[in-house]
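Shown next, in structure tokens, is the structure this report addresses.
Note that the chains take the letters A, B, C, D, E and F in the order they are written out, and that residue 1 is the start of every chain.
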Amino acid sequence: MNTEFTHFDAAGNAQMVDVSAKQDTHRVARASGCIVIQPEIWKMIAEGSAAKGDVLAVAQLAGIMAAKKCSDLIPLCHPLALSKVSVTFEMDELLSCVRALATVETVGKTGVEMEALTAVNVALLTIYDMCKAVDKSMMMTDIRLDEKTGGRNDWTR
Amino acid sequence: MNTEFTHFDAAGNAQMVDVSAKQDTHRVARASGCIVIQPEIWKMIAEGSAAKGDVLAVAQLAGIMAAKKCSDLIPLCHPLALSKVSVTFEMDELLSCVRALATVETVGKTGVEMEALTAVNVALLTIYDMCKAVDKSMMMTDIRLDEKTGGRNDWTR
Amino acid sequence: MNTEFTHFDAAGNAQMVDVSAKQDTHRVARASGCIVIQPEIWKMIAEGSAAKGDVLAVAQLAGIMAAKKCSDLIPLCHPLALSKVSVTFEMDELLSCVRALATVETVGKTGVEMEALTAVNVALLTIYDMCKAVDKSMMMTDIRLDEKTGGRNDWTR
Amino acid sequence: MNTEFTHFDAAGNAQMVDVSAKQDTHRVARASGCIVIQPEIWKMIAEGSAAKGDVLAVAQLAGIMAAKKCSDLIPLCHPLALSKVSVTFEMDELLSCVRALATVETVGKTGVEMEALTAVNVALLTIYDMCKAVDKSMMMTDIRLDEKTGGRNDWTR
Amino acid sequence: MNTEFTHFDAAGNAQMVDVSAKQDTHRVARASGCIVIQPEIWKMIAEGSAAKGDVLAVAQLAGIMAAKKCSDLIPLCHPLALSKVSVTFEMDELLSCVRALATVETVGKTGVEMEALTAVNVALLTIYDMCKAVDKSMMMTDIRLDEKTGGRNDWTR
Amino acid sequence: MNTEFTHFDAAGNAQMVDVSAKQDTHRVARASGCIVIQPEIWKMIAEGSAAKGDVLAVAQLAGIMAAKKCSDLIPLCHPLALSKVSVTFEMDELLSCVRALATVETVGKTGVEMEALTAVNVALLTIYDMCKAVDKSMMMTDIRLDEKTGGRNDWTR
């Protein structure tokens, strides 16, 4: 295992690491995460998606737009020209949660893990925002990278 | 329990809800959340905080700055002049996790729950970013509102 | 009629005009505008709003979010804490157009005309973006302020 | 004619479409649009451009800067490294309007139609902002794409 | 003299300091700074301001717009609703420099020193940008606060 | 010496110059600048860097993040995918100043001088912000480009 933080130089200074010499390759990252919601509210969301008052449609757009702001939010993250962003949702009635799944792609010098994770986080935050008037106890959980490909080392959970 | 989503009008249109008639009151929100990290990396973070290569100092600033961007990220969130933002961390060795805690205050017409949650999420994402070269399996979890005061109804978890 | 541009000082320098001494009042602005679309595509939009693939839901959010970015886009526009933003649409089959209508409110020192107009413009641009693969000839037209109240002088078209 | 909205997947989810496999080509888009102004104010603008108090110089910069913010405003628009942006104006005394014309170029995977249209819209909004103290009845009209080249299909109005 | 950094808590954590209890007062800050330029280029700028190709008009707008972004740039700076921003220039032929002067006002809980300084810095950077093709040796200097009023303690250089 | 401002066309219109035909090359820029501080405060900063309350760690991150916002701040600056940003500091006790040094790299069509200068300016502004409660008389000075390589002409001070 690599045992150094790449975002610090030898003197401990935070830096945006040098990727100038890296190749432009086609990179993909997938991430996901859940928000646990009271069953009564969970049903309102599930019904809304099929009718008027669509919480998930708002969260979907918020997640997609947030992926584009990732390098503005994460201090040492490189700006990248994203070539694809998608956010979808799975409704898990048993666990009374909504799972957000994001896929981000680029042709560039660094991976897009942070963009996929940011899309998931902001999608979940948006669900929280839209439901908080009826349920403040919601909890976001299991937010994680699921897969990345296209860099030096592929990785899958 | 309120059983309507306030962010939609009667026809199902998403909207930023009208708070024009609300009073400016002193509002506070506190939120928290965890990132679970491999023990070896957890130790690197714990040591870094006392020496050179300080992951948490970067995450702290990222969280504070993200609170200020909240209304830009969450589509139906009102822009607010924040009067305080703080982000701190607790190192939990037993659970091998870092807990981020955010407190946000304003004197305004709406609460700052979303700002506090956004600060937590972006602080955790920044920890992920800085450690991902050595551990991609980290998981963000237990992200939640802990308390809000100053609005019509106070709320504590 | 006032016959001076208030955004320039006596020497012709552009400036953000001084509103320090103005009262905080409840201000409302309404604006609207159209995008003319080929009838075949107009029908796709009309149908989409009732089913899957909802162009107007995306444009609605884009318009609301753009109102919050107005002072970032318009160089001499004052930043304001908006207290309400809504964007709705009217489908005009006769003219084969979609009309976007925005209402913006604040309790502040300056009016929100620019915020309402920005919401309309970006909502229409988003409709253009989503339909441009099937119709590049769309035209945006009739974008205008409809009403403003709450300042020194109310105004209605 | 293509009869599907490319910004939705088969299930109706909004997405930023995948352009990963597209070539980087030199792409150009030109757009234009008008703002109709009372003759007395039209003259003030025309004179200002030759002297002190230059409304169009402000609008020109606002349009150029807005082109760079396009992917932040239009939810499903790809971020792009623009290689040229220009905004110019034509004064049409007969129609008592100002016409804004924008040209945007990139070497990239998607076209820059939205960037050119955004530059036009924000340039016109800025003219509105600077003249609204003397004329609130101005109307923006005829905003449209004029030409695009460099993609799979060139297009000219 | 106060001998503590207010932006850190007792444990050394960076924070946006709590101003919740402060009064909204009318606050003004003035700042200035210079850019030293080769005499030949200095003349081009001086002439441009009276004719076509106006470097200072661009720098003026850039400075005004930057004041509005201050809390986005300076990590621990409070967001504020600015009520006035102006940027002007003095041409000093003897020193072959351009001096930028900014005045910023607000009615709020914290001062606007950083907004005024940011306006000056970005105005000077913009002059550098527009002249760098002909002179890379320019130097920015003497950037400083000149006066602040409206807080607990007024201050003048 | 080139004797035209490239950011204006023949008619004096400001424009983002056309770099479409330029090659993507590896470009590096280095800039630096100082802030002069009272000796007592200078010591507090020097000690803070080794202990709790680290002014320079905050300024370092602010500078790095500002480099990514450069094209948003400087009106005619091209957006670029930066491949490296670093900001470091030198403590000069004799002159009682802190010197910020920034290095920015990209593989792209235009140089990154403005990004490096913006990083320096915002790092210095952040030091000012964090120390202004104890010393308002600080002055920023000697902000300049030190070197650029990778374009048509290399340049070193």
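Annotations
Convention: contacts are C-beta pairs under 8 Å (C-beta built on N, C-alpha and C of every residue); 3 or more make two chains touch, one makes a residue touch a chain.
These numbers come from a predicted model, not from an experiment.
Under the contact definition stated at the top, the chains bordering both chain C and chain F are A, B, D, E. When the CA atoms of chain B are superposed on chain D, the rotation angle comes to 180 degrees (nearest 5). Ranked by distance of CA centroids from chain D, the top chain is B.
Relative to the C-alpha centre of chain C, the farthest chain centre belongs to F. Comparing each option in B-E, A-F or C-D with A-B by residue number, the pair that reproduces over half of the contacts is C-D.
Distance between chain A and chain D, defined via averaged C-alpha coordinates, is recorded as 31 Å. Taking the mean of the C-alpha atoms as each chain's centre, chain E and chain F sit 15 Å apart. Annotation for chain D: residues 11, 14, 54, 57-58, 61-62, 65, 69, 72, 75-76, 80-81 touch two or more other chains.
The list of touching chain pairs reads A-B, A-C, A-D, A-F, B-C, B-E, B-F, C-D, C-E, D-E, D-F, E-F. Looking at the complex, you find that chain B touches chain E at residues 26, 57, 60-61, 64-65, 67-69, 80-88, 105-107.
Residues 54, 57-58, 61, 65 of chain A touch chain C in their complex.
Within the complex formed with chain D, the residues of chain F that make contact are 9, 11, 13-20, 22, 71-72, 75-76, 78-81, 108-109. Of all the residues in chain F, the ones that touch chain E in their complex are 1-8, 11-12, 14, 33, 40, 44, 48, 51-55, 58, 61-62, 65-66, 69, 72-77, 113-114, 117-118, 121-122, 125-126, 128-134, 136-145, 148, 155, 157.
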